[in-house]
Structure formats: structure tokens, C-alpha cells
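Each chain gets a letter, A, B and C, in the order it is written, and its residues are counted from 1.
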Amino acid sequence: MTPITQNPPAAAVPAQSFKPSMLWHALPWALAIGIYFIADGYHGLGTNIMIWILFAVSLDLALGYGGIITLGHAAFFGAGAYCAGIFAIHVNNDPLLGLLVATLFAGLLGFITGMLILHTRGETLLMLTLAIAAILYEAANHARWLTGGDDGLSGIRVAPVLGLFRFDLWGKTAYLYTLSVLFVWFVIAFFVVRSPFGRSLDGIRQNAKRMRAIGTPVWWRLVAMYALSAAMAGTAGALMAQTTRIVGLSSLELLTSGVVAVMLVLGGERRLYGAFIGATIYVIVQDLAGAISPFIWMFVIGFLLIIIVLFFEGGLMGIIDDVVNRLKGRGRKDQRS
Amino acid sequence: MTQLLTILLDGMSYGMVLFIISVGLTVTMGLMRVVNLAHGAFAMIGGYMATVLVLKLGVPFLLACVLAAIAAGILGGLAEMTVYRPLYRKGELPQVLLTIGLCFVAIAALTFFVGPTPLPAIVPAWLDQMVDIGFRLYPAYRLFLIVVGGLLAFVVWLIIERSLFGARLRAAVDDPQMARSVGMDVSRMFTITFVGGCALAGFGGAIGAGVLPLEPFYALRYLVYFLIVVAVGGMGSFRGSLVAALAIGIVDTAGRYIVPQFGGFLLYLLVFALLLWRPNGLLPPKSVA
Amino acid sequence: MSEADPILKVRGLCKNFGALAVTQQVDLDLARGARLGLIGPNGAGKTTLVNLLTGMLSSDAGTIVVDGQNLEQAKPETRVRHGLVRTHQINTLLMESSARDNVAVAVAERENFAWRMLRFGRQWRACQTEAQHYLEEMGIGHVGDRRVSQMPYGEQRLLEIAIGLSLKPRILLLDEPAAGIPSTEAHVIHDALERLPRDIAILLIEHDMDLVFKFAKEIVVLVTGRVLTRDVPANISANAEVRSVYLGRSAV
């Protein structure tokens, strides 16, 4: 054992040096840019996927990293969508300004509701998140004069991005616009989960009692993460409103909250990229199977969920990890023998 | 005054349907601590089953409801033994997702076999008439729901409060660890309770089709109501679920009558406030109180 | 405040659970750098006392003064910031994280880094570096990278102390640091305790009498929520009253 000294110079923990495996981080973005050039006719689908990715990453922050069990995240997605739509129609149709307003609105909503509900845990918290989404749904349903009720909010016109790039009929501008916004938010999320803040939330997820004992204001920190996640979900909703130019009540539905959770778990929670894989596969399966019958995708997704929960808890990313680790392990053994 | 009584009766008949469907959910959620979002699917399956039996095969209404309850119970038992059992040891998120998955599968299967359009309500002729109840004419169907709901509540009360099985069940809800350590076969109790709960849900879905119309997304659309009954009543509390179901039925009906522009808004707001005030519901069992 | 004043001064602390008085009029002084042991039979209210001191439970009456400031009403996290820190009897470690990160989150909290959302590189590494230092002080520097769930139980107990130490406490409440450790290995914990900085006042709650009598300079005996006596170890083991409380226990 090391004898104690007043201030033993512990070896500094080194900064992570560059490793070739870090190049993997560039893959999804390179892919997204590549698809832009080759996939004519699929830009709408691509945009849709990226919006869901953003939404799923936002849920990953709250649910995956923060351990906040929620089934009402559509509240913030829908709030962002309606806010962006209404702002564009009645106030100003600049897309970036609308995006900012919607993001702040959803974030504020997350902050206020978070302050109210994050004292609770477990099933009660789940019910409260459900209730918030249901309240917003009913509010949007009955405020026809503002939201269009169950006809949806239509007539959204969006000005060119930065006054330069017009939203074209093929959705090319929308694709790049969404990709850029997703990238910005992803970088923020990437930093947040690795920051001291993100580590302390990971601690709260694992053991809130421990964190209280080291002086963590647990409730405030959960509220902060919830608000951040809500803001991000609001951006996703706003993107949906701006790129499809219509907002429906379905953006606030329980099904929407469920679907985004499904995407996250399908890909694997607490790894950010899980949301990428989960949302992509979900939307594509929905698109392909939906072309045959709108209900086949429900069957496929439902079945996948059951299998994943019962047999593959880490989601698809978890399966990939397992395979990679096994290959690596075998490689090492081979070298030794 | 007449309007007030009408609201009360409408609310009660609606609340009774909610109660029949949700009482199984509250007991299973209280007993097994599983967030079960697929409960509505069993009600939906029961409703579909009964409708098909009545419309396609001409089975009498009540018999069809009972057969639907049996079918839902059997399906529930199978589900409990296969997919629910591994869930007991997992966290809330896996539970939520797997049961949503079950909902999806049920929705897809019913749409595949029966079709995507809403089903007509199967109210038999002897119930499809108005009865004079002193101050006005009132639909016999709704009175029937109140009576049947009351009878079922009494039977469930007898089982839970007066039978040996019920005593063990209450003990297990109040203190699951104790129940295990005194050697109760908790796992068999889970299965029996789950079957019973699903059968009740199936029955409720069948006789309540005139109140909660059957359509493929039934399992998700009304899920919020079933969960609210559980949360407001206190998870695992039989009396709580009866009180909560009736209160929700009446509040929701009153809201729609008196302030139609707010719709369900009022109900959700009240539920939200109540859960903030009493996170464990109105009448929680001892283990969580 | 002079240096001679006690760093922790508890007066008239009371707590009732319904009709049951679990803490009755407890007075307790802890001088700077004290090494005080707290013993008592099961149910004497030792853990309740720790929970009251750290604010995990709210007290019904009394004052808890740390360095001249009454913290009786303060939230647990505020008390930690005033240097009143505890370790846990049952492990509440972050089992999925590495040993080093368990300490680093505490360092980040102490330094108020934990609100920073976008500074992940240098600052977090600084926390980790300091965390490594505390692991080494507890003699477990070599397992810094290991997940807690894969560490042997004894090392987990040392990690628990390292986390407490990393908060730079002025008062450290050690709640049964040797719980669950076979008495043949208790010396590892004892060695670790002996190496804690001299200026920290320590209250050691422990069932292992050998450990308490070796480590503490003074011992307080708690019985049914009351302070029975306070004395140096030699007198405690000779005290007839204490012996009768521990009747049948040969440890004393």
C-alpha cells in the first residue's frame, strides 16, 4: 500500500489521444451527405428520418442518461411543432427564428412541468408525463381557432433559410437544413453527456441517494436535463412543422411518445447513436411495410420490441457491440496461441 | 336537476365500464409491480371477439360476452406465462416497451383479421330501448351497465375481501417480500390474478362497446383512462379503483356536458393536480402508503 | 471562532417515529481532528443519528452547529458543502461506473463543476486526476479503471471512504466502514482510517469493537437513543453500565 503523504502527485489522467476508431464518428454524417447526392426522390424520407433521430436523441438524454421514465415526450415535440407553425403563420416566417422560438418554448415547458413532476418516481412519474401530453393534446384539439383542431394546422409558409435557400419541391433544402440542425444538436448532446453535468446525471440514474450524499441537488439537475431534452424535442417538432408545412394532432399523441421510445430502445439507449439506428430502421420499415399494409409495420415493430426486450437488452447497437467484442476477443486469442 | 341526474347516470355507467376493465389492471400492477400498457389490448380482444360472435354467428349477446371473457382470460394466461414472467425483474422501461409491443401486435392482428374500420356496437334489442325512470326516459343499456358493473364489483369484493385467496392476494400486495418468505406460491397467484384481470377486461370491452366504441387503436386510445383509474385509485387498491373509475366517469361526462369546449381537458388537469397532491393515489395499499 | 471550539456541536437533538423516541436529547461535541467512536447495541439509534446529522431525516428539535453555523434545517446537499460528509453502511456506489469516476463525480460536485454542460475535456480530466489521488490515498489506486461491480467487496468499502475524503470534509461520519468485512481483514480498513488526514474530525460508527477501540481516542455509548456515557476507550471497557448493556458480548 502507498504510504500517505500530504499531497502525493497522482499521475494526471491523460487526454484521450486520437485513435483510428474515432473515425467511426464521421460515418453517419458522411453517409447522410452521400445520400443527399445519390438518393433523388428520397429526400423527404431522409428528412423525416433525421427529424425522428433528433427526437429520439432528445429522449435518450432524458430517459437514457437522466433515467427519467417518461411516456409523454410527444408533449414537447408537439409543442415545438405547433409553436413553429403558429409563429410562422402569425408572426414571422423566418425558419431559423421560428426554430429558435419553438425550441425555447418547448424548453420552457419542459422546465416548468419538470419542476412540478420530477419529485416523483416510477409509475407515478410515468402517469404524470402521460397526463401532461394528454392535457396538451386536449388543449390543441379544442383551441381550433389557433391550432385548427383535428383538421390540423395548415397554411404554414416558410421563408428561405438565411434569406438564400428556398425550400424546394423535392425537399433538398429541407434535407440539408434538417441535417445541419441535427448536427448542431448532436454535438451539444455529445458534449453534455461527457461533461461533469452529464456524469452527475448518470450518477443520479444509477443511485440518487449516493448523489445526494455527495452534495448533488438532484431535483434541480433532473429539471435541467429534462428542460434540455424538451427543448431538443421541440426543435424536432419545429423541423417537422417547417418541412411538412402541416401540424397534426398526432404529434401530441400517446402513440408518438411510444414510437419514439420504441426507436430509442430498438437502437439501444444511452449511446446517442442508438437513436440513429433505431429511428432509421423504424421509419424505413414503416415506409416499406406501410406500402403493403399500414398494419404490417405495427406487427413487425411490435414483434421486434418483444424480442429485443426479452433477449437483447442493449438494442441493435448492443448486438453490434457484442459481435465486435467477440471478434476482437477471438483476434486476441489467435495472437496469443 | 334532471340534467344533473342524467350526468350522474351517464357518468356512472361509463365509470362502471372503466371499472370492469381496469380493476384487473390495478390488482396486477399492484401485485406484480409491472407497468402493463397492454391491458387495453385484452379488453379490445374481448370486444372484437364478442362482436364477431354476435354479428357473424348469431350468438346471444350475454353468452358472447362471457365467451369473450374466457378467451381474453386464456390469452392473458398465455401471455403471463411467456412474456410477462421475465419482465418482473426488469425496470420500468423494458416493461413499458414490451407491453407497447404487445399492443402493436394485437392491433395489427385484429386489423388483419377483422379490418381497419370501427365496429358497430352490439346492443341487443332488449337493451336497445328507453326505460321510464321517473323523471325521464333513459337508455336501458346504460342502466344495464350500472347493474352489471355493480354486481361484478360485489363479486370481486367478495373474492378479494372474503375468500382465502383474496386474503393471500391482499397480503401479497401489501408486502410482497413477506408473502414470498412465508412460502406463498406467488408465481401461481400472479398467473391466476392475471387471468382473472384479463377476463374481466375482455368482458368489459365486450359489454362496454356501446360506451367505448371498438376500433383497431382502442388498445392505445383508452389506455390513458385505464391507467388513470389505476393511478388515481392507488395501485393495487380494489376500493380505490371503484371510486376512481366512477369519479372519472362522472367528472369526464360532466366536463363534456357543462363545458364542451374543454372536452377531456378538465379531467386530465384534475388527474394531474391529484397526482401531484397524492402521488400514490387516493386509497393506496399499505405497501406504498 | 477559536481553534479550540468544537467543529461540530449538537445540542438537544430529538427524533420521534410516532410514539417511539429514537433520538432523545442528544448532545455531541466533536473537536477539530477528533477521533470519536460511537457504539451502542442494535436499535440504539446510531444510524438514525447519522441520518439526522446529514439531513437525510429531519429532526424534531435541537441544533446542529457546524463551525458556528446552525445547519439543523439545511438540506443534505447544503450540509455536504459545509463539510459535513458521511459514508454509507450499505453500498450506494455507482455500480456501473469506474472506481475513479465514482470519486470524480464527487470532486466535480465539490468544485461546482457539475453544472457545466459543455466542458467535457480538460475539466473532467482534472476531476479524474484528483480522484486518482484519493484512490491512491486509500490504497486502491491500481483499480481506478475497474467497474465497481467487478471490484471485491473490501475495495468497495475503501472506495466508499475515498469518496467521502474527496469532498474535503471537515467532519466525516463513517457509518460502519467495516460492515460485511471478515474480522480477519478488518485491519485493511483500520490502516486506511489511520491514514486519513489529521485535521478531519471523524465520528466512527462501528460494530467491530476491535476496530473502534483501536481507532478512537474517545468513545460515546448510545443506548435507546440517549447518550449513556462518553470516555476514553480504557474507561469504557471498564464501565459496568456499558458492560451490562452489552451483556453476553465478549467483544468489550
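As a working rule, a contact is a pair of C-beta atoms (placed from the backbone, for glycine too) under 8 Å apart; a residue touches a chain by one contact, two chains touch by 3 or more.
Values in this document were obtained by computation on a predicted structure and should not be read as measured data.
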Distance-maximising chain from chain B - centres being C-alpha averages: C
Chain occupying the middle, per Cα centroid: A
Chain A and chain C, separation of their C-alpha mean positions in angstrom: 41
Chain centre separation (chain A, chain B; CA means) in Å: 33
Rounded Å distance between chain B and chain C, as computed from the means of their C-alpha atoms: 50
Chain B - residues contacting chain A, complex: 29, 35, 83, 86-87, 90, 92-94, 96-98, 100-109, 111-112, 116, 216-217, 220, 223-224, 227-228, 231, 235, 261-265, 268-269, 271-272, 275-276, 279-280
Touching residues (chain side chain A, partner chain B) in the complex: 63, 69, 71, 116-117, 119-120, 122-124, 126-128, 130-132, 134-135, 138-139, 141-142, 254-255, 258, 261-262, 265, 269, 293-296, 298-299, 301-306, 308-310, 313
Contacting residues of chain A [partner chain C, same complex]: 1-4, 7-8, 10-15, 188, 191-192, 194-200, 202-203, 206-207, 209-217, 221, 224, 228
Residue ranges of chain C touching chain A (in the complex, touch as defined): 54, 56, 76-77, 80-81, 85-86, 88, 92-97, 100-101, 104-106, 108-110, 113-125, 127-130, 132-133, 136-137, 139, 141, 163, 167, 191, 195
